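Letters are used for the chains, namely A, B and C, taken in the order the chains are written, and counting of residues starts over at 1 for each.
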Amino acid sequence: MNGNHALRNGILWGLGFALMIAALYMVFVYVPTEKHTGIIQRIFYFHVPVAWVSFLAFFVTFIGSILYLWKRQEKWDAVACASAEVGVVFTTLVLITGPIWAKPVWGIWWTWDARLTTSLVLWLIYVAYLLVRSLATEPEKGARYGAVIGIVGFIDVPVVFLTVNLWRTQHPTTIIFEGGLTTPMLMTLMVCIAAFTVLYVLLVIRSAGLKTMEAEIRRLRIMKAE
Amino acid sequence: MNKDIPNSSIRAVEARGLEKTFGEQRALRGVDLTVSRGECLVIFGPNGAGKTTLLKILSTLVKPSAGSVRLDGIDIRDKPAQIRRRISLVGNQTFLYDNLTVYENLKFYGKMYDVADLENRIREVISWVGLESRLHDRAGTLSRGMQQRASFARAVIHDPSILFLDEPDVGLDPHASAMVSDILGNINSGSRTVVMTTHNLERGVELGDSIAILDRGKVVYQASREELSKADFRQIYDRYTETGR
Amino acid sequence: MNKAFTKIFVIFWKDMLMEFRTREIIISVLVFALLVLVIFSFAFGTGIDVTEMTAPGILWVALTFGGVIGLSRTFAVEKENSRLEGLMLCPVDRAVIYWGKLAGSFTFMLAVAVVVTPIFLALFNLPIFLPRLALVIVLALTGFAAVGTLFSALAVNTRARDIMLPILFLPVVVPVIVSAVKATAPVLAGAPWGDMLTWLQIMIAFDIIYLVAATLVFEFVVEE
């Protein structure tokens, strides 16, 4: 790893650490408790950034997949796959924090709301993505199939969202806050989103680097076998 | 279509530095091959030498990890459709649909290749392989040997100028296997370029204008028929395929 | 262009001819779909009050699961004896192979739907002749075939191929399933066109998006 990379990673780690501490402070100390829903509302500062990151992750997978099929460079596949892995983890967190928030506020664990349902469908699609990669007969085939699913799966997002939204129109729309977001709440949310985005970037760089290294090890093993 | 015969000095098959890696396994490790027009190249090699992979790459089915292939002077990446019209492959699988008759199979493939005057062409190729009496039987009901003959008929339905044969006599009894050679004589009246892999040293040496040995993904020996006497070839083969094991 | 259509038809006709001989896909899918229909009717009951709520859902569960079974055969038959290689050797664009196989899959699913739907309508004491339902079925099955043909070609090249197709296929066609159910309900209730228009539009959009996308990426699935 050259100096540039080390410097960039150092800056990212430092930034991520500072943002995370700031986010924790703001969520638990700085921001006032929302008066209608109480203390549970603070999970919002975790839930929303995680949801944002999972959509970002699948978008990156989509772009990485297109670039891989076009340029046939392994690095794009490594990015696409790493991003999908992080995306699945974050979507899982969305699907866990959503119900934790929903139960005390609405009295129900699950609502077939457009955002939650789209997250669930996305989770299913990208779990299938990871499954196909691990069940392909060769890594190169796995990369190619993964790229196809990464593209075909992502273009489903707007259609699923639209469909579920229309499907549920007869139900009362979910109200998050009666008064909208106050300035401290908005600032806390922004810091949290920034913190989780940096965390996402770090995880993808790490994971993609690992994959590139794995590929390198495979190549070395082949050479050694000669 | 495409019956324009390019300059005859152009090689029928020209492969440069072919490499193919499957996962952690290197099937081909830099193969160079040239075959002149109308020539028959026979490739020998032990199991796992990369013979099938090589033929699949030459016939556009598999993309090489590195290297290039030119058939009749055209790079196979440039005009795949034009290349595919000129070539054919007989594998150890017949590519026939068991539930269709031999005739229906030939008609299907003939139409896929836009063969003109298809009915007559089917009659012609079926007589070459001697299957006239079974033309309207389902391919699945034929014996292995007959299926292989039908597979030859399928392979030449569009009059390819280059024919790839991947162990065409494997799994056949000696009688059927001898028939394969006769058929090859019938369908190949000297105008077609043939690249063939086989285990059968005697027959291979008889058929080939030139001979190559592929071992562990590399061409380890190459000679024309004039350069080699049949008696020695067994020894040569053993020597080249044993070294380094 | 004309030639491409001819080739698509040649592949399609080959699949039809094989199906005439064996009837293995249509018969097995048909029996399976009918079983789903019957089992769901037992599970939910068939009283007048329930029918309105559950009938469209039951029909589409039967057609969806039957469709998956049929689609998994599409490329399984080409994979046996490496026939796909024979097809890949042909001098045609890979998209032609996709459309040829798609036409076959669509026709098989339609044939099953043509038998299953009237039986379903009879079982639930609904009017048998519903031309608007035919439109819903055609649009939904087009979406199924567009996605399913692509994933079927992909799934046959993985280990655990039998389970891979439904795992890939079902989440992606969620919009089609939802729209088909929603568009079927007003037809069964005799409600006006307006009630189903949105859902038809979604299905048309889905069909177009996936036919185009799959045509573009299909070659990456079948190449070696």
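One rule holds in what follows: contacts are C-beta pairs under 8 Å (C-beta built on N, C-alpha and C of every residue); 3 or more make two chains touch, one makes a residue touch a chain.
Fair warning: this is a prediction, and the values are worked out from it, not measured in the lab.
Seen from the C-alpha centroid of subunit B, the farthest chain centroid is that of A.
Two chain pairs, A-B and B-C, are weighed by contacting C-beta pairs, with B-C ahead. The most central chain, judged by C-alpha centres against the centre of all protein C-alpha atoms, is C. Distance between chain centres (mean CA atoms), subunit A to subunit C: 32 Å.
Subunit A and subunit B have Cα centroids separated by 50 Å. Chain centres here are Cα averages; for subunit B and subunit C they lie 39 Å apart. Touching of two or more other chains is recorded for residues 223 of subunit C. Contact with two or more other chains is made by no residue of subunit B. Every residue of subunit B that touches subunit A in the complex is listed here, in rising order: 21-26, 29.
Residues 147, 150, 154, 157-160, 164, 167-168, 170-172, 174-175, 178-179, 182, 198-199, 202, 205-206, 209-210, 213-214, 217, 220-221, 223 of subunit C are the ones that touch subunit A when the two sit in their complex. Every residue of subunit C that touches subunit B in the complex is listed here, in rising order: 3, 6-7, 10-11, 14, 17-18, 21-22, 81-83, 85-93, 223-224. Contact residues of subunit B toward subunit C in the complex are 56, 59-63, 80-82, 84-85, 87-89, 91, 93-100, 104, 108-109, 111-114, 138, 154. Across the complex, subunit C is touched by residues 69, 121, 124-125, 128, 131-132, 135-137, 141, 144-145, 147-149, 151-153, 155-156, 159-160, 162-164, 166-167 of subunit A.
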